[in-house]
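So, here come the structures, one by one.
Each of the next two complexes has chain A plus one more chain, namely chain B in the first and chain C in the second.
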Partner chain A sequence: MSYKIIKKLVKYDLYWGILNKWKKYLVMLILSLIITFVFIKNSQFYYRLDKLDSMPGFLDYIMNMFHGMKNFISDGNTQFEIPVEWMAFHLFVAFAIGNYIIDDLEKCGINIITRVRSRNKWIISKIIWNVVAVLCFYLVVYIVNIIIALSITGKLQLSLTQSVCSKFFELNNVNMESGNGLLAIIILPILSSLAISQMQMFLSLILKPIISFLMIASILILSAYSMSPYLIGNYSMVQRSEIFMKDGISILTATIVNITIIIVSVIGSIVYFNRKDII
Partner chain B sequence: MNIKISNVNKTIKKAVILENINLEFESGRIYGLRGSNGSGKTMLMRAICGLIIPESGEINIDGDILGKDISFPKSIGALIENPSFISSYTGFRNLKLLASIQNKISDDEIRDAIKSVGLTPDDKRTFRKYSLGMKQRLGIACAIMENPDIIILDEPVNALDENGIELVRKILKEQKEKGALIIIACHDKTELEYLSDEIYEIYEGKITNHFIVGDKSKISEEIVHEA
Partner chain C sequence: MKAILKMELIRAFRNKLMFFSLISGCGIVIMYYIFSVTKYIKSFYSILNSDIASDPLSANLCWIGTAYDRYTVLYFFIIPILAAIPYGASLYMDKKDGYINNILIKTDRKNYFFAKLITYFISGGVIATIPLILSYILAIISLPSIRPYAEYSLYNIYSVNIFSNIFYSNYTFVYIIIFIVFDFILFGLINCLCMVFTYWEENRFAIVLTPFIICYGLHMVGQYFIGTDKTPLTYARLNVVSSEDLIYIIGELLILVLLAIVSLRKGKKDVL
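After this line comes the complex of A and B, so read on.
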């Protein structure tokens, strides 16, 4: 009975929180297309000028999306530039996750929760929705980039192109042999997004969804500006990982911190929602 | 079915919402809550539904303490403030979705509930196209469709025309005869007295008065006279 009700709630949330919000996924699809096409266009420009050995492949596209930026050191001459692709993706995910649970609670929530007769089941369903919703955004990005890669290069290149990395990401001597590079490019951004989104959902239960979104947006901007282990956006920037940067963030540390944030946010959401007044 | 509220207190953002509430409700009766805006009627209803958690005191429903033994009453139907549903669904589809959670009633029973409030189950209009009165009627249908032991209706005759009010009276009478414990809040003093067996007056979160409604036929006459 209990499992059946959670299954029904999850089905409801996946429908209303993801399928019914297909326009948000369409925006992400367009965003990914634009980011990757601009990247390819720029690469073609440099390739024609012989400043690139070869054109970028699939993993370069993904790197372009999630690389973020190197550690910003303010020396008075260097101007701070927001890492547009990274910021656009993460801000949009934060916006899309935004107010679903509070909106749902205010719409049908009372009718549903009094029938489910469990705050735990209701919030667990929302936690599952949150994970799936974030993964779906990544799925869109990956599908778009796989299709582009297959159409342009005819293959799925799972290694970075050195000259592309040097030119666009200021990364010299990229070493992907250990497999940690793939982990840093593919897994860490996803894990970080899950942590950020769970934290955002927890905050939106306590504060208003708009405040929670603004807090996450501020953390992301501050993360770009400052390389601090306390700013979780850092863990989602591939370029700041130890694989690509001397004294960068260790993959183990990033994984532990992200998992800790997820656990704390999930437990926090469950405990807080059990005490929350539904007004 | 018995609800016993003992020494319940609730403060929200430093404002006292409920203060030392002690009440007892029994099945087969209709209880009216009367009070001005912000007096605490809706909050008391929310507390009985398990939606707000008292700081102190307890709400005991048939031996189970709310928030301790159970999170929500085992069988409750509620319409609190504005009825809210999925705007792109028809009335029937909305109720079917909600009924599917407990899976206790058939489609025919959902249709019957919709008909009982004067709506058409096969109406193709979506909820967003409903008038205020239709939304209110659907909210009442949702609260009663599963024949819950406890029915809580906040301002049930809001936005309803004469025909709608008459249907609400009929529904409440039927549910009461089935043994439901019904709690309603209503601004209309005469209507509340007509509908209720007992009335509690609330002022600034405190119960200030309690009386048993007497001769209902007399009140009914008053309504007819006023109309």
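After this line comes the complex of A and C, so read on.
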């Protein structure tokens, strides 16, 4: 019975929080199209100048989206450049997650909670929605890049191109033989986004959605500037992973910290929401 | 007009969120002072105590406006959000809870929207500049305000940058005033975008984030096509602006003014 109610609530959230917000996914689609086309255009330019051995493939596109930046060392004069692709994706996910939960609570959440007679079911449904919404954003990015890769290169290349990595990401000796490379490029950004989004939802319950967005934006910009395990944005930057950088962030540490953040945020959201004055 | 403007300013400034924004901005400045300026102070006194002749550190070097630091990056990145938090959704809320209907019975529509626009401008400007002023005050009470010389190569201001001749003169404080006034105008105008987008957007969260989204979008476009120096997130730090970027900056400011005027006209035509 309880499972059925949660299923109904999740269905409701998936409709109103994802299907009804299709415009946000369309914006993400356009964003990833722009990012990948600019990358391809730049690659073509260097390819014509013989500075690239071959054109980038599917995994290079994904790398371009989530690579972030290498460790920034400030000398007091070098201007800091925001890693725009990485930041745009994460800021947009934070914007999309934004105020759905509070908005829904203010609109009809109280009636739904009264109807199902459980706050737990309502918040669990929101947590599931959050996970699915984040995964959908990744799905959009992957589908766009798969289509572009298939239409341009005719194949789905699951390895990085050395010359592309050297030119665009300043990565020499890219070793993708172990499965860890794929783990760092594909799984870790998703896990980090799930952790950031769960944390954002928890914070928006305690504070206001806009303040929670502000905190996420601050964490992201500080993560780009400083390579520190305390700034969780670092875990989603592929370029700072130990696979691609000496003394980089270990995949194991990143996985453990992300999972811990998800668990703490989920438990925190459930416990806090049960005590929250929502009337 | 005066009465309605006064009332809107009170609504904007006697507000918990205004307090939050100012505390957050000033908090970044204080953290910058504790973690970065104190290093400059130690370095200054070690130079004084040593026999080796060295370039003197100045207060003009180590306030948050001209320094390169994680706090500077953080401050100029989030300031469009901080500026919009207290008053950004004001017009939307007035419409939503029916406050606008009561007000427009008692005052002229033109006065109301004009007062609203001025309050958007002032609140955005004040939130952006008070932490800058605080940072400069903290810097000048900690270090001497020595006249900067380009020959020292200590400063991030070069001959190609605008107003560099004022900075490297006896009137450096005039440069600081120009810097702060420029940021007041820039973030004031950027905050007015909230009013512009109130007519298109039905979501409070999105309205408050509009200035930030536009600033970031321009930064991204800038990085791909025209260079980030021509986008507000970068040129809010006047010391990076070169004279050839000036035409773009003036153009962008004019577009912001134009959008503010459009919002005013739209407000006047709004049917209740």
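Convention: the second predicted complex is superposed on the first by the 277 of 279 C-alpha atoms of A that agree within 3 Å, B and C clash if a C-alpha of one lies under 4 Å from a C-alpha of the other, contacts with A are read in each partner's own complex, and residues count from 1 in each chain.
We adopt the following convention: contacts are C-beta pairs under 8 Å (C-beta built on N, C-alpha and C of every residue); 3 or more make two chains touch, one makes a residue touch a chain.
All figures in this text were calculated on a predicted structure; none of them were measured in a lab.
Participant: When the two structures are overlaid on chain A, which partner does A:K107 contact: first (chain B), second (chain C), both, or neither?
Facilitator: Only chain B is touched by A:K107; chain C is not.
Participant: Does chain B (first) or chain C (second) touch A:G179, or do both, or does neither?
Facilitator: neither
Participant: On chain A, which partner touches more residues: chain B or chain C?
Facilitator: C
Participant: With the two complexes superposed on chain A, say which partner A:R275 touches: chain B (first), chain C (second), both, or neither.
Facilitator: A:R275 sits against chain B, while chain C stays out of touch.
Participant: Would you check which partner chain A:G98 touches, where first means chain B only, second means chain C only, and both and neither mean what they say?
Facilitator: A:G98 contacts chain C only, not chain B.
Participant: Is A:T78 touching anything from chain B or chain C once the two structures are fitted on A? First, second, both or neither.
Facilitator: In the superposed model, A:T78 contacts chain C only, not chain B.
Participant: A:G154 in the overlay: touching chain B, chain C, both, or neither? Say first, second, both or neither.
Facilitator: neither
Participant: After lining up the shared chain so the two structures overlap, which partner does A:K8 touch, if you call chain B first and chain C second: first, second, both or neither?
Facilitator: First partner only.
Participant: Using the touch definition from the top, list the residues of chain B that touch chain A in their complex.
Facilitator: The contact residues of chain B facing chain A are 12, 46, 49-53, 70-74, 76-78, 80, 84-86, 94, 97-98, 100-102, 142.
Participant: Can you check the complex and tell me which residues of chain C touch chain A?
Facilitator: Those in contact with chain A are residues 20, 24, 67-70, 73-74, 77-78, 81-82, 85, 156, 203-206, 208-209, 212-213, 216, 219-220, 223-224, 228, 233-234, 240.
Participant: Can you name the residues of chain A that touch chain B in the complex?
Facilitator: 5, 8, 12, 16, 106-108, 110-120, 274-275, 277-279
Participant: Which positions of chain A touch chain C when the two form their complex?
Facilitator: Spelled out, the residues of chain A in touch with chain C are 34, 38, 74, 76-82, 84, 87-88, 91, 95, 98-99, 103, 209-211, 213-214, 217-218, 221-222, 225-226.
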